[in-house]
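Across the two complexes that follow, chain A remains constant while its partner is chain B and subsequently chain C.
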Partner chain A sequence: MKLNLISNATLYKLLPWAVTCLLISPIIALLINSFSSDPQGSFQHLFDTVLLTYSLNTLLLILGVMSLSFIFAMPVAWFVACCEFPSRTILQWALMLPLAIPPYIVAIVYTDLLDFSGPLQRLLRGVMGWQRAGDYYFPEIRTLFGAILILSLALYPYLYLLLRGAFLGQSGSLFQAARSLGASPLRAFYRVSLPLSRSAIAVGLSLIAMESLGDFATVNYFAVSTLTTAVYDTWLELGSLTTAAKISSLMLLALVILISLENYSRRKQKVYQRGGATHTQLRFVLCGWQKWGALTFSWILLVAAFILPLFTLCYYALSYFSASLTAALWQYTLNSVWLAIIVAGLALLIALTVNFYQRLCPGLFARTTIRLSSLGYAVPGTVVAIGVLIPFTELDLGVNQLLLENGFSGIGLFFSGSLFILVVAYLVRFSAIAVGSIDSSLAQVSPSLDLASRSLGQNAFQTIRRVNFPLIKKGMLTAIILVFIEAMKELPTALLLRPFNFETLATYVYQFVSDEMIEYAALPALLIVLMGLIPFIIVNRLLEKST
Partner chain B sequence: MFAKKLVTSAMLFTTLSLTTLTALAEEVNIYSFRQPFLINPIMEKFTEQTGVKVNILFAKKGLVERIKREASLSPADLVLTSDFSRLMQLTEQNLTQAVDSKVLTTNIPSQYRDPDLHWFALTTRVRNIYSSVERVGPVPNITYQDLASPEFKGKICTRSGKHPYNISLVASVIAHQGLADAKVWLQGLKANLARKPQGNDRAQVKAVKDGLCDYALGNSYYLGKMLADPKQVAWAEAVNINFPNQNSSGAHVNVSGMALTKYAPNKANAIKLMEFLSDDLAQQLYAQVNYEYPVNARVAPSKLVASWGDFKADKLPLAEIAKQHKAAVKLLDEVKFDL
Partner chain C sequence: MPTLQINKLSCFYQDIQVLDLLDLTLNHNEIMCLLGESGCGKTTLLKAVAGLQAQLSGDIQINGNPVNGKGLNVAPEKRKIGFIFQDYALFPHLNVFDNIAFSLDRLSKQEIKQRVDSLLALVQLSDYSERFAHQLSGGQQQRVAIARALAYQPDLMLLDEPFSNLDHHVRFQLIDEIRALLKSSGMSALFVTHSKEEGFAFADKIALMQAGKIVQIGTAQALYCHPNSRYVADFMGLSNYLKVHAVDQFSYQSDLGLLTSDSEIELNKAPLTLLLRPEQIAITSSADGLGCISKVSFSGSYQEIRVIYRGNDYHIKHSNHFGDTQQFKVGDRVSLRVLNHDFVLLR
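And now, the complex of A and B:
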């Protein structure tokens, strides 16, 4: 019996490290690459020419997307969690929907709507009698600001989701206490509710920052050159993977420092929820200008981020319906869906493993596993793909050589030529999301509950199963859905690592989008959105029933 | 944990069955930089004639690296590229093998194939200068060099300088005039741009129609493609196509091409496909469907393309231009062309 316990514990210590090793193997591979020599001096060249501008653009992009996402997400999360106003029950789930649309699709849709020959400017010209482009001023969408706006519209739901959860979990009586002590609503919000949500804000914003850092498609479409541009230029055109890896590593380093600083600054904060009336029971009823303000802000955000792009896609899909409806479309949908299901399930297991490790054996090591397992999210997809290829092709070559030397026949690219590598690459990219949502929901569960359970004779695993799991059920479902949706949208790793004749909806969409033929891509793009929405709505129903 | 094991074993089983399936059939595997919808009609004809199944993996980035990493186990037989620089990257990194085929050397003229027979061009395309019908009219004597002169200020549109088509054009200017002159030219061109480089070649033609600029750089076949698209035909009709440098070095020509990989597992089928692609039927399809110029001298360009008239192409060997590829990328950074 004792032996069994020990081996379990050892396994439990080994497992998180094994998982982390798998997830950072591509990044290690890139790091090793970045230390090899660079005979052409590509890095020096970049440093002398464009690196400063690229870095500045990257910094502005990330800060911009973080700020704007916060401005979008924070008020609406507060409205739907803590206030009562018409259409609140619709908005509370509808505001998450923009997650289902790939950002590059939103970018194309908005460019089509807002550029010179788009409907808006045509209308303006018709009404005002302007003729040429020089006759009037219209803000250019293909700029850094355009990229910030579109990425924020696409990414704010991460923060919204976590913030809403945090606000909902907060005890409303704390806020009421602040009010009764004479604080204005705004002050009570600023001094009580916001600090209590700091962990959610930090996780949400770091997910958003990572996604913006790794984005290439949207930024490239808006003709904004960032460090990711430098990564691709040096690798693909100057032929120096070394320099590309070096820039990627520097980007990661900056990110790790940023996140660690944030973590360090709230190292002494511990926020747990006890009972007491929640905001659910004490929602403020908004009326007058407050009601109209909340309604206008929430609905404009929803229309801009979801309804308008969706309608535009529907319009394109209908006008090119017969041309884009093919029998193969269903196969691609099926491929996308089951791949996303596998990835979402595995990502959840990974997240539970590293997060509970951190809870059971807290310390620097545990913290490090969490950080490391999340890094892949910030690396551009194609770079992740190459990073994953490096160790797994080596593994394949080694295995084959071993087999051949011992008189067996080879097994070809067993790992790197199959869907296996694709699943690994997806996990490298998206585990961060699952880890983040489990992290933030587990952070709300007071350890005193664990201690109570342990003192009543339950062991660690029974405690996890009987105490922690029920309390973080919501976080687990959120993790699954978010990873599922991300996997449905994922393009660059799928494009490069898929086996022959394996098409996902996203890679199929890309065939047309890469030639700016959005009309033909609209129907499969709509399918991506729909497939993301279905599980989303089901889970939301389940959650509503359970509360 | 049990669930994890179950999923993993299910996955391994699926991949195993997939790998065995692909190993059995009579087939050929392509890594393609070109979009499937462009080449699928041609591949279907090949399968129809020979019974050999064609598997295509399409991506615009990273295929060279994938082949390199897969090394001797790579399933890829053939690489199809949409420009010349990728062919050179493949051969430079020793990822290709020579194909000694009478059919290929007969069908493809010597300037369109590697002297060592490691790569072969399939079609050529011109880097044209489009001019507005309404505001400029045809300009048959225009040169790439003109685009840098002050009277074109604020009148030119182009896609990103870092796109292979533009890198190749810059590389050709370096090859002809040397780095110093090319830099002055590129700075002039940059100063004349109506807007920051963005979009693809079609988007530049659209910008001319919208009156944002009067001249645009673009590949020849896009005009044919746009004339065939109900929405884009209006854009195409708003521009004249001009062949640059007709009184001097000739128009810059890039190629789409193919190379046999070093470890091609289906070598015989791959060579069969290469020969098919260089032969009359496939070359006609390239000409008719994609509006490209066939390299096979027996096949005429499409009626539309022929109506644009004969032109003088740059005679400088492609390999000379390719040597300047990296210099061109660095020059584009130096003048901050895209910023």
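And now, the complex of A and C:
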């Protein structure tokens, strides 16, 4: 379908495709690489020895985190959305806050608290009179199960947010109808509310699964070998890009399966007409043991996932404040902030390019650029890192060869060894967030507004400037802030791609974490949390005002 | 020169023909209604004129300037048309004043103020210039939309179901107001609706559409009284169809007796179908009448009565004159008589 809404703008039509090609180049590179030969036979070696264990660990990790997150998120989402009990309004927003703490920071806090020398075991020994570790049994946190627990505490808010939204959107009269047909509240929940939320559950669980698949820092710290750690080790320790790429392709395959499963479960979901009174008007008042049960469960979850880690970090940060407050910390904070701002700005530009392409030339082509440019978000950071290394090292090699052959001096690792490649990798991962945010805020701008402006003598670009931009201001700000938060937190991509002597706050924290120096990790970690938390609160304010 | 001239316009949408070689002429200061069921192509036609529809073939001229034709598709902003949307499409980030001033950015501040103030006075919203769209009622929003379109001084106004989101009592008042406004501004307008009552009240002419074609075009009276097909007859109102055959040059024989015509009729042995509107049949109570009432409903100034007469079902409208003592009940015996009128014979 060709509509003459923009004329003489070939450049504008090429730009979205150029951007999309850049963003999917790592994935294409990995796919090509996975079919190439295995010169040192190292992939074959891995395959013969540990790859099965790694894959199994990854699978168990994903399934474990999905189950435990569901057990955490589902009850609190229902309490907060459909019931009435004390402190509900606080819990409603507080339960999202764990999203601001990267999982590896939760991991060091719990390791510190639960270690042999940690406060809990010291207390137990003091009370029980035990002397040595052999005197008693205490569960070890640095195991696969520990990793599952930590990741679930950090990731459950994804599912919580989606489920709460789904419960709030359901017509309360459906629940009441089920009650009037003789179902107990619990049964009505199980028979009506839960099936109606199936699509939210599928989306939430698949997000959690993707994050677990991509997690590097937590499992590496806990010495659980998964596919992610395998990619990291083969590249940084064996130096084999080909092998790392092959393992990465394996993870891409897992992603494809995950995404197809999600699409499948969503396809079966019909759109239910929203009507009648919502749960907001018909909250189910909890009393007696129900009230205490809901309160205990919700608050224990909040304390475990957010308050306790934050409190511990504050404690260490204050205790070691002067020792932590160094010139290096200042420098790395600046690095992180600048990097995040550049990435957020560029991601916004990318999002505007592809989204307005879709708005002006709607159709399959435009839809495809949006889909493709959003692919990177699902791909783990380590995989993206390997993916961008392949084309850009090739590019460096080619350019150097060309320059040397013509008598010029080479440029060295101009692309693959500089901040450039780090920025590209971040864009590959995080552009999707900006694209999604602009997409949904543009969707709320009725197309007839554009047509009204066009019929009043404004051309396509004047219409964008005078009508669309003012109306998606909040969406643009949200996009920038969300990308900023993610870029501040991102660890594995930075670990693999940072130029020599370049540190971000996250890699700085991770150094201390690897050396088990939580005292020194606390202040920078707290900075990461705050820089996630404050923009996060701003975004929520923005979104709440717009609805 | 007609304001709008459309020749052989066709449009395909995903292999379905939405418009089928359609011709239309709209004269200066004329208001035409495109009437039809949903999916008949009326909105597509409107969008085609506005330049918002792809995959067209055929010609469109506005004020003699071709805007669509072979290899030609003038951008919507260059067509000098005003478009009024079903959802009004007021810019939510601008107040009433700035919405109306949207297309006036080339004028000086003072000129803008003058123009907008006079338009606000025209649509009787002078006190509302600071308000935003969500602070206005549906009727007020619609008037702002009209003022905004008029500010651009279009050659032609296109209105897409502009009254469908309004309450019944506001609707007909606004229809009168906007009709008067368009007429006094010398504007030509093309107006899409699925409601014939809106068409009757708003338009000078009605073009009834069916499956991408205009099946009949004319005044509301012409379409109601002289439809050219059963489709038009049924769309415009309740119809009775009576089988008749000519007996001589001035009369037909039918179930309802001998019907005499004022003008000479064609002598044709084949049976014909006569259209009878419900108000063209007179009903009287009579103990030995051949009709039997099956339903009566009271509608204020008239009663709608259904009568079974010799096995056929007839719709009848009986005016309630003041002091009329005739009361009809279900089961009453009645006799029917066709009132004298211009006979409309359909195939």
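Please note the rule applied: the second predicted complex is superposed on the first by the 338 of 547 C-alpha atoms of A that agree within 3 Å, B and C clash if a C-alpha of one lies under 4 Å from a C-alpha of the other, contacts with A are read in each partner's own complex, and residues count from 1 in each chain.
Here is the rule we use: a contact is a pair of C-beta atoms (placed from the backbone, for glycine too) under 8 Å apart; a residue touches a chain by one contact, two chains touch by 3 or more.
Note that the structure is predicted; figures quoted are calculated from it, not measured.
In the superposition on chain A, A:Q511 makes contact with chain B only, while chain C stays out of contact range. In the superposition on chain A, A:S455 makes contact with chain C only, while chain B stays out of contact range.
Contacts of A:S446 after superposition: chain C is touched, whereas chain B is not reached. Once the two structures are overlaid, the count of chain A residues touched is higher for B than for its counterpart among chain B and chain C.
Judged by the touch definition given at the top, the superposed model places A:L186 against neither chain B nor chain C. Once the two complexes are overlaid on the shared chain, A:L261 sits clear of chain B and of chain C alike. In the superposed pair of complexes, A:V467 makes contact with chain C only, with no contact to chain B. Contact with chain B, but none with chain C, is seen for A:G412 once the two complexes are overlaid on the shared chain. Of all residues in chain B, only 3-4, 7, 11-12, 14-16, 18-19, 22-23, 29, 35-37, 55-63, 65-66, 69-75, 85, 89, 92, 160, 162, 164, 167, 195-200, 202-203, 206-207, 209-212, 231, 325-326, 329-330, 333-334, 336, 338-339 touch chain A in the complex they form.
Across the complex, chain A meets chain B through its residues 40, 45-46, 49-50, 53, 116-117, 132-133, 140, 142, 222-223, 225, 229, 232-233, 235-239, 241, 342, 345-346, 349, 382, 385-386, 389-390, 393, 396-397, 400, 410-414, 416-420, 423, 492, 495-496, 498-501, 507, 511-512, 514-516, 519. For chain C in complex with chain A, the residues that touch the partner chain are 50-55, 73, 75-79, 81-83, 85-87, 89, 91-93, 102-103, 145, 148-149, 151-152, 154.
If you check the complex, the residues on chain A that touch chain C are 1-5, 7, 446, 448-449, 451-459, 466-467, 470-471.
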